[in-house]
Each structure stands twice: as structure tokens, then as C-alpha cells.
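Naming follows writing order (A, B, C and D), and every chain is counted from residue 1.
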Amino acid sequence: MSDQTDTTPVVALENARKLFGAVRALDGVTLAIAPGECLGLVGHNGAGKSTLVNLVNGGLNLTEGTIRLGAGTASPETSIAAARAAGVRCVFQELSLCPNLTVTENVRIPHRGLTGRGWRRRARAIVAEKLAEIFPGHAIDPGAAVGALSIAERQMVEIAIAFSVFDEPPRLVILDEPTSSLDAGLAEQLLAHVRRFCAAGGAVIFISHMLGEILDIASRIVVMKDGRITEERARGGFDRQGLVDAMGHVAAEGAEDPRAAARSLEGAEVVISTPGGLTARRGEIVGLAGLGGHGQAEALEQICLARSSSWKGTRSPKVAFVAGDRARDGLFPIWSILRNATLSRLPALTRRGLVDRAAEEEMAAEWRRRIGIRTDDMDNPILSLSGGNQQKVLFARALGTSAPVVLMDDPMRGVDVGTKRDVYDMIRAEAAGGRTFIWYSTETEEVCQCDRVYVFRLGRIAAELTGAEITEENILAASFEMEAAE
Amino acid sequence: MSRPDASAAHPPHRHGDKPVTSLLSILRKPWLWAFIAAGAAFVATAAVTQAGGWGLGMTALTFAAFSVLVGIGQMFVITLGPGNVDLSIPATMTLAGTLALKAMAGDPAMIPVGLAIALASGLAVGVVNYGLIRLLSIPPIIATLSASFLIQSAAIWSNRGLRVKPPQALADFATGRALGVPNVAVVALLVAVLAWVVLERALAGRRVLAIGQNMRAARLAGVPVDAVRFATYVSCAVLAGLAGFLLASFSGGAALNMGAEYLLMSIAVVVIGGSSIAGGNSNVPGIWGASLFMFLIVSMLNSYGAGAGVRMILTGVIIIAIVAAAGGRKVSR
Amino acid sequence: SDKSIALSNNYAGNSWRQAMLESWQKVTAQAVEEGVVSAADAFTTAENQATEQAAQIQNMILQGYDAIVINSASPTALNGAVKEACDAGIVVVSFDGIVTEPCAWRIAVDFQEMGRQQVEYLASRLPEGGNLLEIRGLAGVFVDDEIHAGIAAGVQEHPDFKVAAAVNGDWAQDVAQKAVAGVLPSLPDIAGVVTQGGDGYGAAQAFAASGRDMPIIVMGNRHDEMEWWKQAHEENGYETVSLSIAPGVSTLAFWVAQQVLDGADVPKDLTVPFLKVTQEDLEEVLASTQAGGVANVEYTLDDAKAVISDAAQ
Amino acid sequence: MNRDQLRILLPVVSLAVLLGAVFWLQPRAMSYLGLNLLFNLAVPIALATIAQMLIIMVNDLDLSIGTFVSFVACVTATLVQTDPVLGYLVLAAGIAGYAAMGALIHLRNLPAIVVTLGMSFVWGGLAVLILPSPGGASPEWLRSLMTVKPPLVPMAIVASVVIAVAAHLLVRRSAFGVVLRGVGGNAASVERAGWSVLKAKAAAYALAGFFGTLSGMALVGLTTAADANIALRYTLLSIAGVILGGGEFTGGRVSPVGAVIGALTLALAGSFLSFMRLSPDWQIGAQGAILILVLAVRLLVSRGRGRRVAA
């Protein structure tokens, strides 16, 4: 790694501006990242964080301003190749491995020089070594197809590849919400690695909506709002509340601690009862916890499929589903925001087979307001939204139905703090109104808000926690319990 | 088949310059190019006709009507997403035409029965097709191809290729005109309007479009995926049955090889018409434009005396040129 | 005898081929019953493709047939497979769609002559000549090219005629009708239509729809064509001629194969006349043709022997 | 058993079962000559199937491969024979045409199915112009290559193995093949890693053109002559072969070995039907039935495994 005294910024942006049509995704950003620095980047959904990443990575060109890589010259244009040559590596917000290739083969994609005899062996060594270094104790087989891995494992592979050394060592690694699908243990391992990497002189841009992580890891925190940098302070300059305020959300009084007291609904009618042993009552918020990929998503999917028909549509569905893996389970990529939001509700907005378009637009407008989808026009394509805003559309789709049960598959991935609070409130209000929520989350903090929690382990329910039993320690204990027994 | 990375497959479209004039928004319609091309071919052909364009136009409407009928069915199927296509259309046309004409045996009183038989054979084919796709998990392209062999055998077995004449009244209807417009074109126009309403305004159409983009997401969002796909395959086959019935009546009897050209034709009119073959985005007016174009381009090249080889090459080049001009996938609504 | 014969057919999708298969079925069934041969199985491929037919012939070699009768998808593309059959000691007889491989027998129809005679007939009816419309078959296929060459030769002999347009009808009624309808508006007055078989009715429909004068359309022995012709004749004295190859030629091929197996000395190249229907025998042929079918002639063993001895001289 | 092993196991099992049935019906097929007769016409199909597979690998579909093979066959039987230099130039131009097609599809973001549909008319027209009437002749070396009789194992089997191994090395093992498959799996991420998806697509298409060219030449070597419609059916056969061989239409999941086996299975299915001596009325239908049967086997094996949501 480069010597500690070298202070030439790895990347320097000068007055960077990026327009998508009329949308000012970036509106004059000046930012430099020095070696050894870990820059924490926060901001509401759609603030422009991912856009910034794409500029630095060379994937997008500036509309205005300049960018300078390492000791090179400042110019308004970059290229992916130039960025890679300067040692810039990226882990994108949406997973970007090739699911049809094996882990080893995926190493080949970013490393152009990895050819010739025995390239497979070398690639395998590179990724195996990094995985072991960053996530000790992982169980990923480098020969497995990425499509067969869980979403957390894919994220781990992508991170390992980004940090891997081949030809040019990485000098700046950009992590765009790397922990959104990792559980607490893995996230901690990643943070530890980032610390080591920076200590050795590498630079990191760390984007996350989990403010705790940012406060923990960043040597400097930059807050973005509507395409601009609004605040910038060194480590210790922010506390949690200060950060939230800087991001522009007025945190409602009392919402500071997300843990509302768990309610007991013993007397309420049981609305879900699966052979696997999961029950849920009317008005209850049931949490599914445990390490990632241990059957929670499958359990939700089974409930959803068993309670809806693929032969008969209905105006009053029994369940609604909020996807976490947006591209796979949620989005209709060529449709508008409006159409994406209204699909599940549509049967109720239909008269004699024809869609009542006025009612549809009304519903869309209402949800845009209620859940704060940041767009100037609901007719815009869904993919023009930032990741977090796409997630809000999926919430609107599910909550907009009359379904008495809402299934949520880690739905807060990439949702900013302010919105999260709004959604928490909305969920509580709906639950009070008699709706049942079954909620899988990788964030223990969220699970702790539930009335009852099932901890999954190896595809089965390992523990059921209620009331005061719902604590982080108990959940963790149950997650590892059987492993200890084996 | 769920798409693993839908967001990657569909780069977001730049948007923003919202206040476009209506003229500009028309220019962006993918189906426009099909009509422009059809118009150009029409003008070029009409330029060398003695009698002016009227006769040519009406002839074009007549023959385009058959392509429109099968094209609309194919469009719904293709809209269901990658890998969905119905290759059994020609065989279905043959079977429907053969059974219907045999049943009518030239008797005008039997026309309703004949029509019912044609539509029912389409229905049966649709059920078989979807049965193979769903129950045996065979990819649609091969399921419908295999089914088409069975259907063709059934047609051979039922009448051994003997040509039965249609009842005179039916033949008169199929070749006749109402207010100067060919009857078959009127039928196709009605079907097209209905298809447009279903696709743009109806719940069913919205569901087809959703499945085409992401079947898994559609199922999880409460769309009755099987019912919609079933209905789509059945409608396609029923439309093919109707087309076969009309074509047999129009051309004086069913032949075993009738409809053979509608295999590629049905796909061509869908895609030239501006539907995205990747599914999830389709459009009805384009089918008319493309059907007219496909007829007129052959007429034009024939009129200019091009031989078979040159004609095929030019047809291919023009198809590619149109699609290239119309550009790639558009974002809908 | 214990000899077995197989029919390799490349296409079954039209009335002509169906009639051909039916004639084969009828005549060979009786021959098997009488013990002339032990088996005479018919095989058809799903689509009109030389590659599939070649594979089919290779399978017949494996099945151990003593003779293979072929209606070929291509005169040359089966030569490899035919050679393999000959090498395995199998008698190969081709008809209608013949093969050029020298080891095989050929029962050929003079398709060129068929095209030439069409123009000749038109010349006898229209001494002052005129514009012709030519309806061709499927591009790239042997039969199409031969008949076209014959027509071209005929036009050369009778320079008063001019082919004003040629369209491809792919030997399919609906395609022919569509192609003719599409080109008609741009054509000058048409005096005659030369065809390749089975397209006449569609052409007549297209002319009727366009409101033009009905030209002399050469027909192709289909029942519906001849019926239309008869009606037109009764209404306004319409006259034309109709020619095509008789589907029953498959039975001739069968007998030829049987004779070769029997040790008879059969020349490699035989020619069969095509079946021509004129105004005089229209009624008669029409009466003997199955409704919706094709005019047909089936061959007996004696007919076949006559054809062979004619050719030997 | 993981998905990849299953993907290759199924085609192998279907081929073995079918082969067993054929041997049972026709013991004579169980010989050097018999195997060659059963499989030699599958060689060009296998090559065309590999070509189709390369296109499917990048998430496209080629509707023109049948006419392209016919075009190549016409060129091989005429120009290559009479004027070798020009002939090979034309063949090379055909491959370049394929590459250009891939580039155009990517540049304008066009649906491949339409462009290849259009190209199928173009190749067909060119073939008719080159060879208006069936004929031509196979170059001598090609004929002897395709009919050579190696010791012990017939040519058809040797050729199939060579094709399968070569394609496997190219697509599954080489560092280059990984990038091409990556384009099928997630083009955006390949692009973000600094590759030119344009070049990758053009390369995949060019390779497909190359295998298509080999297919046409092999075909002429077997049939000794060509015509403009000789291989039209290869379009659908090749798609069926890829699917039978365990490939999927999207996502870059393809198996070259499976594709070759799929092609052999299809060829064998035809022979199986011949040996069954069905009534002529139903011979065509039976070809459909056997396709259904072979594919339904996939279901029996895959039913028990894994979750399948509406897919």
C-alpha cells in the first residue's frame, strides 16, 4: 500500500453537476478523498449518493464540473477504464454479479488481465483468500454458481472481489449500502476489515442508511441533500440526532427509540397458522429473525403463495407482499411508477373489467403523498427512482390493498432513516387498525419492535419469543443455538 | 422464468423534458414507423398501377386482415415475456378451416355450426398448448411446435386434404365488402379495437403486461398468473381458428398447407409493429401498420418485377431498417 | 416374394401428396395381400426438408428394406444417402422429385415440357399474343425451376407473348391468391396466366375480385379448378387447358421397384406423361375425380411393364 | 445434486433411454455402420445448435440460423468449388455479417428476434440468387472428410465429441467465454467492469456465424449438393436442441455439451419413429409427441427439487 505521507487525493470532484433531463441528481458537489480516509456518506433516498458513485467510477459523465483521479489532470470526462487504472473499485447498491457464473468466474469479470493457462486456479485463490480475510468462517464455495447463493452471500462475494488485489491494488473502494442485506455479525466483520484497509492507507467511501455504522466507521462524514453537500464534519462532529437533523428529517418526538412496547394479543383471532409452526393473530406484528438465508424468505413466500391463487384474481386479497429483492420479486421495470404502485389494488379499481383510471391516479397521488415518493410525476419510469424510493413504491403497492395480512421480506433495504420512521409509524397504525404484519428483517433493531418473534435456523423455527423475551441477546442466542448443539 | 436482474436489463430511460408537444409524442410512438413504411410501399406501388390506389388499398386491407387476426393473438402471447411464442398458429388455422368446412359441407344453414367448430378447435388447441407448457413445464416455443405437429396430423386424418367448398353465402361474405370496405377487414378491425381496449384499459391487459416483465413479481403481487397465461394462449389459438375459418371461406376451401406463411408473418407483424419482444410492452395499431406493410412490400417488389431472391433480400433489409429506425425498447405510459 | 419396399416421402401437406399416399396405400396393400412383396411401408417427414429425408433413408437402410422408392425433396441433396443405400445393395427408385445419383432409377416427368405446352396452348388460342402472368412455386426448388424454364422456352418460341409479371405462390392456394391480388393493380391487360399446378382457382378468384376480364388461366387438375372451369364454360363458354402430374405415379414407381427386384432389366431413366385435361374430356375427368381432390391415374403391373418396355426400345 | 450437474445429466439420460429403445427396435443399429447412419446427419445439426446456443447465451434468439446454414451450403457447393478464393471470402463475409448483426442489435437496443427474422429473408434471398435450382457439388476434401472411416468409432461419434469438447473449452473453460456468458447473466455489471458489451456481443455473434458456417459445410459434405431450402428446419431444431440440452432462454445459462447431446437426441428421435412403423396419417404428429415425451422427462427429474414460484 502507498506510504502514509502521500496526501494527494485519490479522487477529487470540483463543482460536479449531473442532470438527468430536468432532475438535478447532483448539483455542484466538491469533494476530495485522501488515502487512509473512510468517508461516510449519508443522505435521504434520492439525495444523489449513488449518482456520485457512478461519477467517480467513470460509469457516468459529468454534466458540468471536473473530476481528477490520483495525480492525473482534472477533466470533465472519465472512463471506467481510467477509474479502474487509478485503483477505484465499487460495490454497487444493486448486486452486480453475474448469477449464471460461479464465484471464481465472477472474479474474472473485473480483472481483465486474468487470462491464460491456470486463470481459474488463480482466480479461485484470489477470492478464497479475500473471503477468508474479510469474513472468517464463511461457508461459500468458490465453485458454486452465484445464482445459488443467498443474497447476503452474494454481497459478501462482491465485497471480497472489490477488495481483492490483482495487477493494480485497490486504492479507493466505494461501498454503496454494503450492509443492507448483511446481518449484524457479517456487518461487523466488514467494518473491521474497512478499518484495517484504511489503516493500511486505502480509502473508502461508505454509504449507508444505518447511521450507527457510519458514526462508528467514518473518519469524516458528509451529508447530502437534494444533490448537494449540506454538512461535512470529521469524526465526532456528529451525534446520531445531529446526523438525522442534518439529513433534513425532523424526527418526531418520542420516535427516537424505535422499540415500542410489545403488545400482547392473546385473545385476538388467529389469522395465520402454518405447518411450520408460525402463527399470527389479528393486529399483530410478527417478526422473523435469525441469520440471513435461513429460510425466512422462503417461509414468507410459502405463506404468500398458499394464500393467493394463480387461477383466480380477487378484489379482496388475503395477503399482500412487500419484496426486499426488488429486481427479482417486486419491480416491473418498464412500467411507470404509477402502474407499479397500483397493480395489487387494481381489481378493486376495476368496473366491468375496465380499469377506472381516475381512481387509479387518485390512489397513486395519495400514496405518493403519504409515503413521500420523490418524483415530479408518477408517470415517470420506475427505474428513474433511487433505490429507496423504488422500495417505497412497493410499500405503497402492498399497503394500498385491503389485505388483512401483509408479508414483508426485509423491506427496509436502502430506505433512509426518515422514511423508515414514517413506515414504522404507518405499520403501527395499520396494526392497531387490525392488520397483521409478518416481517422478516436483517436488522435486529426492527425485529425488536415486533409483538412476537420467530427466530429461524437452518430453514426451521428455532425459537419463539414474546413480550419481554424479545431482546437482541435472546435473538442472537437463538440464531446460534443449534449450531452450538451440533 | 424470472429475470435475475431486471434493472440491469432495462437501463432507465432519460426523462424529464416533460412538456413535449403532442406532435412530438406521436413521433415517439413505435407503431408510427410501421405505418410510414406501409405508406411508402403503398405510394411506390400505386405509382405504377393503372387503376390508381383504391383497388390496391382495398386488396391490402383484405389480406392484411388475416395477418392482423393472427398477429393480435401472437402479440398477446409474446407480451407474456421472453420465450413465449405460439408456433402452432398455422396448424390451428388448417385444422379449424378443415373441420369447419367439412362440417358445413356447403350448406348455408350450417354456417353458425361451422364457425362454432372453428372457434372450438382453436379453444382445444389453446388448452393443449397451455397444458403442455404448465403441466409438463415444456418451454412454450417447443410445446407449441410439438403441438402443431399433432394438430397437423389431426387435420390430415380428418379430411386427407380434400378441399371442401364453403357455403356460397359464407364465401360471398368473406370476399364481399360493406360500404366499400372488405368484410374481413371490418372483422379484423373490430378484433383490433377489442384487443386495444383489453390491453390499454382492462385489468386483464394490465396483468398480461405485468407477467411479461416479471412473472414472479406478478404472482407475488396477487396476479392470477396461470389464469392469465391460460387465457392468453387460448385467445391466440381461438383467433387463429377464426382466421383459418375466414381464410378457408375466402379462398374457396381449406388446404393442408394453408396458413404456412403465417408462422413467421404473425411474429413479424408483432415486432415490426413496435411491440417489445422482451415482453411487457405491446401495441395494437402497429399490428395493422405492419400487416399492411408486409402485404404491400411484396406487392411493390412484385410490381417492380423483382425476382424471388432480390425480393427476399429487400424484404429483409427493409424490416431491419424499420426496426432500427424505430429504435430500441421504449418505456410505456 | 419376401422382398420389402419402402416409400420415402418428404411432404404430406397438400392434396396432391395426400392423393399420392392414398394411391400407394391402395395399390401396395393389394400387392402385399397377393404376396407379390412382403411389405410396402410409407414414411413421411414432418417438413419438406432434404436433411430430414436423408436421415429417413439412412434409417431405411438400417431397417433392411430391399428397395426404397423416393419422392425427393431435392434432386441432389439426397445423393449422399442414396449412394449409401445403393452401396448396401438396395434398389432405389425415384419419381416426381427425382434424384441425380446415377445408381438410382428415375421416373421423371418432363416438367419443362409441361411449362412449354402451357404457352403453346395459349398461342393456339391467342394467335396475336399478349401479356402473361406467371405464378411460380417455391423459390429454390427443382420443380419450380424446371417448369419456369419450360415457360421461358415457350415464350421464346412465341415472341408475341410477354411475361408481364411473375409471382411466387409457393404452391399454396392462399399464398398464390394473395400474391396475384397484390400485383394485379399494377399490371396491364393480362391475356393468360401460366401456373405450376393448383394455383388456378386462387388466380381466378383474384381476377374476379379485381373486376378485370378473366384471362385464360392454365389449370392444374384440381377438382375445384375444373369445377370452376366447367361452370365458367357453361356460363360464357370459357375454355382452357389443365395439366399436372398424376399422383398415382407413386404406384408406377412401386411396380418398377418390384420389377427390378424381380430381376427384370429396367432402364435407369423412364419418363411418364403428365395428365392433360382438355375441354373435350373435362366432364369425364371431373366425374372420375374425388370431390376436393386431384385428377388421378393409378398403375397396374401391366401398365408398368408397358412403360418399361416402351423405354427399353 | 446441484443445478449444473442436473442440467447436463438430464440430456444424457434422455439420449441413453432413446438409444436403448432404438437398439431394442432395431438391433442392426448397434454396429459401426449403424451408429454412423443414425448419427451422421446430426453432425451439422449439432454445429447449428452450438451456433444457436452462442446467441441464446447472450440473451438473444437467432431465427436466421437455418437460412444462414442453407446459404453457406449453397456457397460451399458452388463458389467454394469453382472459385475457392472468392468462395472463402464470401463465407468470411457471412461471418462478418453475423458480427455486424450482433453489433447493430446492441447499438440500437433492438430485439434480436426481429433483426434475425429480417436477416433470414436476406440469407434466403442470397441463397436463391446463388443457387436458383438445387445442385452444385461438394468440394472433394469435404466429402472425404465427412465420410472418413476412423477405426473403432464411427466418424459421426468422433465429430460430435470433438464439437462438444471444443465448444465446452471455448464457452465454459476459457477466460474469454466467461465474459461472453457474463454478458448473458448481467450485461450491466460486465459493462461497469470496463468491458465493451458491444464487442462481446459482436464476438458471440461472429462465433455463432463461424459455427453456422461449419454446419453448412458439413452438411454439403454429407449430402454432396445443396439447395436454397436445405436447412430451413435447423432454426427450430437448434432451438429445441439447446433447450433439450438444458439451456435456458435468458440469463446466459447454457451448456455446450448438453447442446450437442440435445441435437443427437433430436436426430435419434426421428429414427426411433421410423422404426416404429406408424400409420402415415400420424407420422407427423408422432414427431411432436416424441418431442413432448423427451422434454417431459425433464419434469420427472426436476419435480421434486427446489422451490418453483410460478415459473
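By our rule, contacts are C-beta pairs under 8 Å (C-beta built on N, C-alpha and C of every residue); 3 or more make two chains touch, one makes a residue touch a chain.
The model shown is predicted, which means the values in this text are computed figures rather than measured ones.
Participant: Leaving chain C out, what are the touching components among the remaining chains?
Facilitator: one piece
Participant: Give me the chains shared as neighbours by chain A and chain C.
Facilitator: Common neighbours, chain A/chain C: B, D.
Participant: What is the distance in Å between the mean C-alpha positions of chain A and chain D?
Facilitator: Each chain's C-alpha centroid was found; their separation is 42 Å.
Participant: Using mean C-alpha positions as chain centres, tell me how far chain B is from chain D in Å, no decimals.
Facilitator: A distance of 28 Å separates the two centres.
Participant: When the centre of a chain is set as the mean of its C-alpha atoms, what distance in Å lies between chain B and chain C?
Facilitator: Here the centre of chain C sits 33 Å away from the centre of chain B.
Participant: Please output the residue numbers of chain B that touch at least 2 other chains, ranges allowed.
Facilitator: Within chain B, residues 2-5, 7-9, 11, 149, 152, 156, 216, 218-220, 225-226, 276, 308-309, 311-312, 329 contact more than one other chain.
Participant: Got the chain D residues that touch at least 2 other chains?
Facilitator: Residues 127-128, 132, 185-186, 188-189, 251, 283-284, 287, 309-310.
Participant: What positions in chain A touch 2 or more of the other chains?
Facilitator: 96, 99-100, 147, 301, 305, 310
Participant: With chains as vertices joined when they touch, what's the shape: line, ring, star, complete or other?
Facilitator: other
Participant: Pull out all the chain pairs that touch, please.
Facilitator: Touch list across chains, by label: A-B, A-D, B-C, B-D, C-D.
Participant: Note which residues of chain C are touching chain D in the complex, please.
Facilitator: Listed in rising order, the residues are 12, 21, 25, 41-52, 54-56, 58-64, 74-81, 83-84, 138-142, 145-146.
Participant: Which residues of chain A touch chain D once you look at their complex with the stated criterion?
Facilitator: 57, 59, 80-81, 84, 90, 92, 96-101, 105-106, 108-110, 112, 114-116, 119-120, 144-145, 147-148, 298, 301, 305, 310
Participant: Flag every residue of chain D that touches chain B in the complex, lowest number first.
Facilitator: 59, 63, 104, 108-115, 117-129, 132, 185-189, 236, 239-240, 243, 248-251, 281-289, 291-292, 295-296, 298-299, 302, 309-311
Participant: Write out the stretch or stretches of chain A touching chain B in their complex.
Facilitator: Going by the criterion above, the answer is residues 19-23, 94-96, 99-100, 147, 301, 304-305, 308-314, 317, 320-321, 323, 326-336, 338-339, 343-344, 346-347, 350, 353-355, 357, 376-377, 379-381, 383-384, 397, 401.
Participant: What does chain D use to touch chain C in their complex?
Facilitator: That would be residues 26, 28-29, 34, 37-38, 40-41, 44-45, 127-128, 131-136, 219, 222-234, 267, 270-271, 274-275, 277, 280, 283-284, 287 of chain D.
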